[in-house]
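Naming follows writing order (A, B and C), and every chain is counted from residue 1.
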């Protein structure tokens, strides 16, 4: 017993003596300070898929391909590529790239990166994005060949998220050490990581491309949005993430800072569970679609930052069809349909949401549905529970749900297949004809024919209303007026595309 | 009546203002449907964040409108209802359960007593807010669940006090006598023990009431409070934080009301403690 | 005395085991972290692969047995989300929380206790009413609100102090003050009671009779004797401060355990939550024990056997 007490006291003592440690030196003027919501959970680019992580690691690692500021897919590690058949593509690899330790980046590293992220044993959260790749090999001429199971036109859109890791270093360091001190080939080098506080990067002066003007950059974790605003306005940070339109208004009213926004490839929608009593009647689902006034949501609540859409996609997606309006706002038609449905429409409907979403939108939707005579109860649970509920069998899932979908691929397949195909756990639709459409659209290599197929799917959605598309979400940052930067739809913070004004 | 020296001694005039504040809040909560000028949930997306006194489509927003164009005054009046009910019910439930279990543990002793008091230790040893967060995350937020969670995390406070007090009373001659005369356990506990421990329990109640209002606000801040669009002062305040510089009224009025409520409860609680502890 | 200690510690171990089991199963009832980790629209194969990779496909009892076995070897496991050892994460966050809670305790004591002494000596002085009003007011504000006001006033408008984070030594001032408001009133009140208690004792009366002034009496005799109840309440207040730190750390982006708690629960990072609960339980039980021992050290009449 004495031993236990002694150990406990020793532990307490050790804890207190480290007290002097945490207080680091003050900021200097040469570095860019960015406030994220949370710290990155991991800096191994294959191990983590959340914005706070990839905001940081996309600066440490290069991707096989990338998108320019206009959203076009352009070369990065691969200089050119050639589609040798529907299922095979050959990539030429840049030969002047070195990792931060000085070793050259080779075709071997590219193949290793593909194999690592697609290995089910490795357990990458991104596995699904690259599942279609069945093989990667180095050809005799030093180029890399990727093979997919079927034709897969979205492959290039996925490869902009394939970070290239150094094979020799990863194998030597092991998973845990690499996660702690990652080595990549990107414009910034990993410098330091104070857990819970900040991650520091320094510029890679040997970068093959443009490394940008900042000698150093710091990403800090600031969970509370009001505090991030305070940091920005007081000059403690240069760029903050996670603003909403009302906070943006606050920034506009302050000197020296402004909101900076871009329309993303995230589509906000209201899901309607067609397996629940009442909602199994297509007329009621249609009525719900008629009840929603997207324009009012965007203009009245979202300050015009976002963009109303009538299809389950955004203009940033392949598969978006210009001019397709979807179900129009028509509350009278909604009321008429609800009257036709009669008794099954009178029960209260549950409406699932989570604190991470904008609760103003959810409450406004509730009010709009209430105005046409439906009783809707908001059920807000934290994200883990929300996801678990939405993944439960369709008969037990909530009646309605608010969602914001991003496949980070700007391709219709990444949105419509998981949300509508009967094999997907995210989908509440079980329809054989639709499945066939989705499958052929996924692998159709002729762009025009593919567009046509997605057109049919959009029509099916407007008719059957498994979801009501709402708006193309904007992402709003707060930035110091000294910072010059235009954000892109893919929600990335590429430091080498930012600069100081003057 | 107001000048009666007994009342003055029992409740000095400097405290009347706090009693009045509390009484007004309770009244507002009870009469909410009668005195609220608007439906607290009716939105007007084209009339958001209007300053106090704005008139819009025949509606006067006395305290301004909130982030969805709802009348802030009406939301605050209904919010009084929600905040006070949550606090009162959670104190009532946890107080009843805690007191009962504490008395039983002391009276019966033995293994039942040990189990109850170890349970008290277990619940007390996890930081209350942590336990509340985990439980709400599992049960899901909502009016009833918030009360359940607060009651579940707070009953041990009462159990401890009731246990200690009951132990002290058990060997008093009249308690032993009534036991000897054949009174049943519930009868002894209710008739002889409870009236004698109610003072110290009331002290805990006054302390806890203010805390419960704060806890509910904290849960709202973390997104785990009552479900929107139901208004509670904590919920209004935690959204209002984002508007401190652009629409101060959404942040200031609920903050002020919450502050006055807890302050009144704390000041009066302080007084109750002085009276119970017999120190003037 | 030592028998009492042994029994209390044994019971504490049982309580802690109970807490650990409770939290272990409660958490797992509320979903697993896999769905939060995978990219949106991940296929069922990808979800299953990650789930089995993290070991969540095994029966819950097996997971619990594994966890407890590791724990018996002082291994807190690996963070599900960050994929580094839990002990390392806790170690990096703990100093900040100790630092914050310690500073808050000092502030609460440093302001609350003198105020209490003053109130005991000059009960009807306007300053003592004003002081009590101030600390009671401080206790009546939700920290998530007072925190924002403090930031806007002292950091943004006046620019005296850093807005958030823990970059400089003065960063601790605002969050610590915000947190200390929660217990300042308690200290003021306990100190007042303790000093009044002492002042009513015969030896004080004797001292006064010998011609010592009230101030001298308090300084020479009453203060030392009334310090003990204040210190033992301090032990209990630490638990309150740690609990209040959850929200204060979130508002001020203070990288301590409180913030980690919220993040880990939201992310369903089970091993971290488990470790925090374990730490919290151990600290709270030790503090309770310390408070009991202190009481008995001061006042031998308190027999430890009778207390629970």
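Heads up, the rule we're going with is that contacts are C-beta pairs under 8 Å (C-beta built on N, C-alpha and C of every residue); 3 or more make two chains touch, one makes a residue touch a chain.
The chain list, named the UniProt way, goes like this: A = Peptide ABC transporter; B, C = ABC transporter permease.
Fair warning: this is a prediction, and the values are worked out from it, not measured in the lab.
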item: Between A-C and B-C, the pair with more C-beta contacts; value: A-C
item: Most distant chain from chain A (Peptide ABC transporter), judged by the mean position of its C-alpha atoms; value: B
item: Distance from the mean Cα position of chain B (ABC transporter permease) to that of chain A (Peptide ABC transporter), given in whole angstrom; value: 41
item: Averaged-CA centre spacing for the pair chain C (ABC transporter permease) and chain B (ABC transporter permease), given as whole angstrom; value: 22
item: Between chain C (ABC transporter permease) and chain A (Peptide ABC transporter), distance of the C-alpha-averaged centres to the nearest whole Å; value: 37
item: Contacts with two or more other chains, residues of chain B (ABC transporter permease) listed in rising order; value: 137-138, 222, 241, 244-245
item: Two or more partner chains touched - positions in chain C (ABC transporter permease); value: 30, 148, 152, 250, 262, 265
item: Sites on chain A (Peptide ABC transporter) at which at least two other chains make contact; value: 226, 382, 384-385
item: Contact set on chain A (Peptide ABC transporter) toward chain C (ABC transporter permease) in their complex; value: 1, 4-5, 8, 15-16, 18-19, 21-27, 38, 41-42, 44, 47-50, 120-129, 131, 175-176, 179-180, 194-198, 220-224, 226-227, 230-231, 233-234, 236, 382-385, 387-388, 391, 405-408, 414-415, 417-419, 423-426
item: Residue numbers on chain C (ABC transporter permease) that touch chain B (ABC transporter permease), as the complex places them; value: 11-12, 14-16, 18-19, 22-23, 26-27, 29-30, 136-137, 139-145, 148-149, 152, 185, 189, 193, 196, 239, 242-244, 246-247, 250, 261-262, 265, 273, 276-277, 280-281, 284-285, 288, 306, 308
item: Residue ranges of chain B (ABC transporter permease) touching chain C (ABC transporter permease) (in the complex, touch as defined); value: 117-118, 121-122, 124-130, 133-135, 137-138, 160, 163-164, 167, 210, 214, 217-218, 221-222, 234, 237-238, 241, 244-245, 251, 255, 258-259, 261-263, 266-267, 270, 277, 279
item: Residues on chain C (ABC transporter permease) engaged by chain A (Peptide ABC transporter) in the complex (per definition of touch); value: 5-6, 9, 30-33, 35-47, 49-50, 53-54, 81-84, 88-89, 91-96, 98-99, 148, 151-152, 155-156, 159, 162-169, 171, 250-253, 255-256, 259-260, 262-263, 265-268, 282, 286
item: Complex contacts: residues of chain A (Peptide ABC transporter) adjacent to chain B (ABC transporter permease); value: 225-226, 244, 246-247, 249-250, 253-254, 296-297, 300-301, 354-355, 359-360, 362-364, 366-367, 377-382, 384-385
